[in-house]
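In order of appearance the chains are A, B, C and D, and numbering begins at 1 in each one.
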Amino acid sequence: MIKRIGVLTSGGDAPGMNAAIRAIVLTAAVHNIDVIGFHHGFNGLLEQDYQMLLPQHVQHIIQQGGTLLKSARCKALHTDNGAQQAAAALHSLQLDGLIVIGGDGSFRGTLAIAKYYQGQLIGVPGTIDNDVDGTDYTIGFATAIDTALNAIDKIRDTADAFERIFLVELMGRHSGYITLSAGIAAGAEQIICPEFGTLTEANLQTILTPIQHAQLLRGKSSYIIVVAENSYPGGTTALADALSKALNIECRACILGHIQRGGSPVGADRILATKLGAYAVEQMVNGANLMMAGEVNQQAVLYPLAKTGDKQKQIDPYMVRWQQCIASD
Amino acid sequence: MIKRIGVLTSGGDAPGMNAAIRAIVLTAAVHNIDVIGFHHGFNGLLEQDYQMLLPQHVQHIIQQGGTLLKSARCKALHTDNGAQQAAAALHSLQLDGLIVIGGDGSFRGTLAIAKYYQGQLIGVPGTIDNDVDGTDYTIGFATAIDTALNAIDKIRDTADAFERIFLVELMGRHSGYITLSAGIAAGAEQIICPEFGTLTEANLQTILTPIQHAQLLRGKSSYIIVVAENSYPGGTTALADALSKALNIECRACILGHIQRGGSPVGADRILATKLGAYAVEQMVNGANLMMAGEVNQQAVLYPLAKTGDKQKQIDPYMVRWQQCIASD
Amino acid sequence: MIKRIGVLTSGGDAPGMNAAIRAIVLTAAVHNIDVIGFHHGFNGLLEQDYQMLLPQHVQHIIQQGGTLLKSARCKALHTDNGAQQAAAALHSLQLDGLIVIGGDGSFRGTLAIAKYYQGQLIGVPGTIDNDVDGTDYTIGFATAIDTALNAIDKIRDTADAFERIFLVELMGRHSGYITLSAGIAAGAEQIICPEFGTLTEANLQTILTPIQHAQLLRGKSSYIIVVAENSYPGGTTALADALSKALNIECRACILGHIQRGGSPVGADRILATKLGAYAVEQMVNGANLMMAGEVNQQAVLYPLAKTGDKQKQIDPYMVRWQQCIASD
Amino acid sequence: MIKRIGVLTSGGDAPGMNAAIRAIVLTAAVHNIDVIGFHHGFNGLLEQDYQMLLPQHVQHIIQQGGTLLKSARCKALHTDNGAQQAAAALHSLQLDGLIVIGGDGSFRGTLAIAKYYQGQLIGVPGTIDNDVDGTDYTIGFATAIDTALNAIDKIRDTADAFERIFLVELMGRHSGYITLSAGIAAGAEQIICPEFGTLTEANLQTILTPIQHAQLLRGKSSYIIVVAENSYPGGTTALADALSKALNIECRACILGHIQRGGSPVGADRILATKLGAYAVEQMVNGANLMMAGEVNQQAVLYPLAKTGDKQKQIDPYMVRWQQCIASD
């Protein structure tokens, strides 16, 4: 029977991590399980830096961005020695299980601990990138889209007033999920992300053509290109310079950066975090181990932690096709 | 072959209706289909009050609340005479089809026209209530949740500062979808909606007990009850008065009302509207008739218009159970 | 020399109260003054319910709505006995001074204490109503305007889509400041506030005429009337009913209520709160007593607490005239 | 008697420009004055590219960002030939006056026209930079502060979660107004702007010391430095790199850029724009010429256009001193 568990947030922080912590603590309380929270991701586990988490500690945190447990990356865990040390800490603190809120990198760290730890290990997908296999959405993704949209809507105002071309760079190192979603939702005139092929100086014309077409035929008063980070050699600023030169029009780059990680989570993220946090505790009570609590087709499901990074999640092909259809018109 | 279609927005307006109109117009343009937009819902059809909708007319409306075509209810369509008149208008304007953006009431009106019209009739679910069968979400629901949340978060600030009990009434005449979703996302201490049973003066104690429990045991500094409209005889203000009297604490009612219908749509609604608007046109081209374009498990699907009001959509039972579990603790 | 002071927030809470507390604590730290914060306004003083306030306690509260010290009204202070008890508490806690953040009602309570207390008493104007004499703006007013605007902008969307008349009731029991400011900023078609004269069933025609005029001449697609609370016998809902009946058009009332008190303070309120909080401490160090720290013409100034409620602050006559000029057109 | 005037928006666009256009059109209508609006700033004047502006054209634009007249810079006006051409256009369109909404650069262009034009020329200060002499605030400044704050608050979330140092670069090429205001309102740990002296690699220690101090003594979990653009050789990214190297901690730069120009104007900007737009028309009717409509101490005032760029407006010395006091603690 489970009496005492740990929880930590790991990797890049995401809006909704606090909501997940809250759901874990409240659900654990219903099952008479004690919860301790480690600070700074796995670092807090290695250093036994933690705090008790009672229901009153999680009051009114559902709407707060960031994570009260702090997050961090943890190089030490990448070594076998680190994994052993983590397992030893879990044992010495008499924890029956650990819930890790983070992305697939954090889940790899979790699996490393499994070799030396007999308790239950459960993951909850928390990352703005929505690049974790086994769940339709990750906690933080919906908020990141709306934060990006809010910024792009503002840029639309000034782009429209000044008749400029803007390139807006969004996060997503390995995945165009945020870029495609925000680009479609912003009504961007063009979207550039890794899934659409590699862009270089050599094939720059592929993105120049629709711009020239739009200017000639439609009299667009502004033109916004949403770009995933790492889409062009030298970055989005270099791409803006290349476009400015080729088109002889001022093209400006705007790098949204870390504002995409912050802010009060939107409803969808708060609900998802609440659902997955609660489900993680319930399934731990039911004996689950080495599983991630995800949501597929509105249903909470378990998915093997070992497979969460297996394959790139596919972006909705219908929307990709529609976007390309519209852009090439 | 489809050459010319009409589109209208009907019933209570919802954020994202403009995004749906935009997607219909842009997709139609790709298929060389002309689009005319009727004003004020079916009234504009009956009165042949309309405008041409070209791609330049829908520039930069994806982010705008309301509907550029205006919406309205239309009593005339409830008569057989009205349906005949609508069909006659569609024929005289040489329309090969009509796309109706609205809720299940609007779809009933659409079906009435079908008796007298040989063209194709397609529905797109646009209503904040999320009470249409055949689609996981309706356009406008996600935004309504976030608008409600934004207001409840502000009420939390003042409730917390003043240590008051607040009742926040949300929309949803026949369904607790908005109330349950916003209540969970807001971390409301209690949620009252029709799905949880009927509340009267006689069984008021069922909601008093958790309040008294929370005050005694947890020292909560604020207590927010999210209430679906029409949950108590005399309304939410009467309920607040009854609670004030029973608890001898000031309980205030806050009726959110129509602010829930407005505002720039959030990303989820813009994407859903874009997807369903595009899908509606494509399926019309493919010959679909008397169907609604919905989304089930992230896939665009067709669903018979005649069945969209068939059964009450069920609120996620997992979240209902979790909420009750936490509240009764 | 001042070594130790108290601070409390009193009356209706206002966004920016936390920012004022932060500035007081940080400025006191520079002057090596200890600060204790009383909970629940003057109640915490009477009951000696308080906490130490060190710089780390006020980290990252500048952006938070509400007040970490909680606020409340305090009937006990209205009696001579209460004032004596408050003074005794200040003496027993060895406080050299007390800073009260609140409105003119709270300042009257402060003055009552002065009869029995030899330390320094300073007020900081914190109320959304902007009805305190001796300062151009009160802390919280700017945020309340923007919260109201945000809601009215949303109502505009739905009013415009449905072509309805909306009455939006704003706070301000004795003053039309919020109503006039928000009404002008929202581009409301009409503004009703106490300063414009008393409205009853008898002179209802004065507000009907511009509505009828607008409908006939301008083809307005929506009509929004911003109304100060207590502007019509029976309230704004009764006024909406009266208009509906007289015009034979659906007029809806929307009571914004307590959402106007919450939310993260806007920049203007954070800056004003920071300035006045710092100034209050500095002037206390300089020997000020029975004064309010206000801002007049961008300059921090002292103003006698006894005069803060003296006369109704006048609403900018230029804007009143402009509004009436436009409305009567 | 004035029968017909022109209006244009010039230079960098600012939130509230639409509200100013609306007030000009509505006030002109009351005085039976026709208004035409030139597109793209002075370019539209030179090319006689304009539209009639009737009250129905400015319905519901008070809340919209950008400018419906579009803005632009206009090199042609810098030549004597351009000024003559502009004057000729004003004469040929039989305009009795022109209202220019923009910054002091646009006002210099306006003055150039005066040599060849007998009508009345009035300026309205619209720029986010608040660097125009003769008015306490410019239209757009308040919104730019709140947009910056909103972004910095989000960065605070992630900085706090990850315990990072962030440098946030704000606009303001020649003035630290936005930076100081937003920095204070955000509770930034440090503010760097031109008014505080020149920063180079040589005196980097002046900003390192408070960071090191904060880390040692206060255990701050995040550290945000708000930086005016052009504050360091090589830009804010170079400064972040220099700090990273010196402190051996990851310091990240975040360049807010053009999002600061967009967005729906906040209440303060809508009210200021309404007041100054109305005042500009009224004073033109009263015979004013070569003047800017500004606001000083809440009063609308006229100020010679020729002096609007005379001296750098001084940042509130009280707040500068307070900020330095706190930072050096």
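The definition used in the following text is that contacts are C-beta pairs under 8 Å (C-beta built on N, C-alpha and C of every residue); 3 or more make two chains touch, one makes a residue touch a chain.
Quick caveat: nothing in here was measured; it's all calculated off a predicted structure.
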| item | value |
| --- | --- |
| Distance in touch steps, counted as few as possible, from chain B out to chain D | 2 |
| Shared chain contacts [chain A and chain D, defined touch] | none |
| Length of the line joining the C-alpha centres of chain A and chain B, rounded to whole Å | 28 |
| Distance from chain C to chain A - Cα centre to Cα centre, in angstrom | 40 |
| Mean-CA-position distance for chain C and chain B (Å) | 35 |
| Multi-chain contact sites of chain D, meaning residues that touch two or more partners | 153, 156, 160, 221 |
| Chain contact topology (line, ring, star, complete or other) | ring |
| Every chain pair in contact, whichever chains are involved | A-B, A-D, B-C, C-D |
| Residues of chain B touching chain A in the complex | 22-23, 26-27, 29-30, 55-56, 59-60, 62-63, 136, 142, 145-146, 148-149, 153, 156, 160, 181-182, 184-187, 218-222, 264, 266-268, 270-271, 274-275, 278-279, 297-298, 300, 316, 318-319, 322, 325-326, 329 |
| Chain C residues within the chain B interface of the complex | 9, 12-13, 15, 17, 40, 64-67, 70-72, 147, 151, 153-163, 166, 221, 252, 254-255, 257-259, 261-263 |
